[in-house]
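Mind having a look at this structure? Questions to follow.
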Amino acid sequence: MTQKTGVIYQGFPSEDELSRIPGMPSEERIKKGSVACIECAQEIPCNPCEEACPYGAITVGKPITNLPKLDQDKCIGCGLCIAACPGLAIFVVNGSKEKAEVSFPFEYYPLPNKGDEMDCVDREGNMVVKGKVLRIVKPPKYDATAVITVEVPMEHLKTVRSIKRLGRSDR
Amino acid sequence: MRVLNHPILGDETRQFNATIIVDGKQIQAIEGEPIAAALLSAGIKKFRETQKNHKPRGIFCAIGRCTDCVMTVDGVPNVRTCITPVRDGMIISTQKGLGKWGIER
Amino acid sequence: MKTTDIAVIGAGPAGLSCAVEAARAGAQVTVLDENLKPGGQLFKQIHKFFGSREHKAGIRGFRIGQQLLEETEKLGVEVLLDAAVYGIYEDRLIAYITDGKDHTIKAKKIVMATGASENALAFPGCTLPGVMGAGAAQTMINVNRVLPGQKIIMVGSGNVGLIVSYQLMQAGADVLALIEAAPKIGGYGVHAAKIRRAGVQIYTSTTIKEVLGEEKVEGVIAVNLDEKWQQVTGTEKHFNADTVCLAVGLSPLTELAWMAGCEFTFIPSLGGHVPIHDRNMETTLKGIYIAGDITGVEEASSAMEEGRLAGVACAESLEYYDENKALELKNQIWDRLDALRTGPFGEGRFTAKLKQLDARRQLA
Amino acid sequence: MNEEYICRCEEVTRKEIEEAIADGATTLAGIKRRTRAGMGLCQGRTCQRLITQMLAKALDPAEIKPPTSRPPVRAIKIGEIVEGEYE
């Protein structure tokens, strides 16, 4: 049986879906520096990301089921939207250096430490590559959501979206 | 198993301030928590045996509707353990069928 | 016998929002709840809520619960806990049990906000200890802080199944798989994406064939379903699970409304037989209102808006608000409700709610 | 294989409900009288919907009304009413 792709079948947006939504930055923009990837592919009633952006780079408007639209020139990749998204669907990537940087939300215990080499996983939870933890940000205003930044080889900028949960024995 | 630290809820701060006796065995519990939670934390999943076919039952709805989790508590049968709070010194026993009144010793 | 302006049955998101709104207008409000703690299911919702940011989106459910309780206290709302309402009689007389004794309260208006309960699913082994409602598991981990098991199979890919799977992992369990009988995922993709990147497989067109074990759950056999929802022999998969959580939908808790004599209509997408109500949330019985999941299963954000609506409407009919002020407030709430009922997940509910209102008009 | 219980309280299996429907039961009350499904401690709160679904295979689900709700609609002890306050 061939697996149908797309968010309603696989539980995460396909490459094709991601290429058509208004929350994703262009290749050129990614190469210039940190920028948000709003991987929100369904029209659900939700808009906290809009207010979370201090630069006005995210627009939902009315109705609030509109897909969030990214203004990639206004976005500086600060990452404040990552913890504000109730769906944990926003990531920040940086393709301007030798290695790619990917920031993602993380709400499990325990947290890794800065400098740790972690198992970095894709949207399906598959191990992709080892990556170094550059930053862990968890200010009170994020309300318990940590934002972790890992450094991975450039070819994995678009695939790595999280790390494996720590302290789990392999199943 | 207790969830002692949690990424959202933080660390458990309540005290284990009650002891309940379940089928003769002492279990540490927290005053006011549902009996069912205290049993689950001690790894007890079977709360009773059914009347007709003597089948095991445990927690199912946890909101006091399904009556699957009933046990004999301080000599009273058919107590819904998911909505009955723990008090120190409670004597609880696995209920067989419709249960019997009185504390079995 | 006690008396009050407005008696609200149920201290969940709808009931508390209703109480706050009505008390703000100046009404005397009494909330009755059978549980020992108020908040309904809000205190087990530890995720950040969706919805409009003007109305608490982005805030975790249990914090919304705390805020609502603080507001009720500030406004002098009376909240009676461990108060199980067992009957509603003529002239809006409510009978309830509290502290092991029978009591009555007479109200000028009644708002029923009794919520919903989880649906069961039957399969061989469904009564074994370790098979439980997903909401039951959620209460155990997030309110009682006890894990129901270590290796979970979740059944149902609606938002409840997806969210509880995520929260079981946050509490330290492993979710071996999520299985869904339909050919596609029912809940929000963003909730599904969270558990997918944590490595949880979602098997669509799959159901439970059997749960194994003598005294408790010791394994699960899942099987594929064909287009006619029949099990396909030879496609069995075995999971070494110790817990099975059922997230197969909710049904409105409507017994009190039936008993009071409200007219009902049948709308499958809202959970079956639901009480008919008008734009003010008033049922076919004068002075008796409903709000939240009892009106048809939606989610906490719409339940809170419906509660506010019922609160404003009650306050208006008791003349705490004049028509203009009430209309202004109601317009705002109607707008927000409409906004929550748009998009691929909301349109169906929008149409269903229109049908419910139409049923009211046809009776009038 | 473990049994497939529909009514958990009275331990009524799927097969027994199917037999009751084959025997001519067309309502929840009809099934209740034949099998005791829904007559246990929880008073049908868990199985009512499952039985409705089984009946719905042969009937229009809109026509399957819940049984009459009478007080008490919550599980309470008779003694609590008897010992109640009278004012």
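Going by the order they are written in, the chains are A, B, C and D; count residues from 1 in each one.
Simple rule for what comes next: a contact is a pair of C-beta atoms (placed from the backbone, for glycine too) under 8 Å apart; a residue touches a chain by one contact, two chains touch by 3 or more.
Remember, it's a predicted structure, so these values are computed and weren't measured experimentally.
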{"item": "Length of the shortest touching-chain route, chain A through to chain D", "value": "2"}
{"item": "Centroid spacing, where centroids are CA-atom means, of chain A and chain C in whole angstrom", "value": "30"}
{"item": "Centre-to-centre distance between chain D and chain C (centres being mean Cα positions), rounded to whole Å", "value": "22"}
{"item": "Cα-centroid distance, chain A relative to chain B, in whole angstrom", "value": "42"}
{"item": "Rounded Å distance, chain B centre to chain D centre (Cα mean)", "value": "26"}
{"item": "Multi-chain contact sites of chain D, meaning residues that touch two or more partners", "value": "3, 8, 45-46"}
{"item": "Residue numbers of chain A (touch at least two other chains)", "value": "107-109, 144"}
{"item": "Residue numbers of chain C (touch at least two other chains)", "value": "34, 60, 117, 120, 127-128, 170, 172"}
{"item": "Which chain pairs touch, all of them", "value": "A-B, A-C, B-C, B-D, C-D"}
{"item": "Partner chain D, residues of chain B touching it in the complex", "value": "50-53, 55, 57, 60-61, 64-68, 70, 78, 80"}
{"item": "Residues of chain A that touch chain C when the two form their complex", "value": "7-13, 39-48, 50-52, 62-65, 84-89, 107-109, 121-126, 143-145, 161-162, 164-165, 168, 171"}
{"item": "Residue ranges of chain B touching chain C (in the complex, touch as defined)", "value": "1-4, 6-9, 12, 33-34, 37-38, 40-41, 45-47, 55-66, 68, 82-83, 85"}
{"item": "Interfacial residue positions of chain C with respect to chain A in the complex", "value": "47-53, 57-60, 63, 169-170, 172, 174, 176, 183-185, 188-200, 202, 204, 301, 339-346"}
{"item": "Contact footprint of chain B on chain A as seen in their complex", "value": "107-109, 144, 146"}
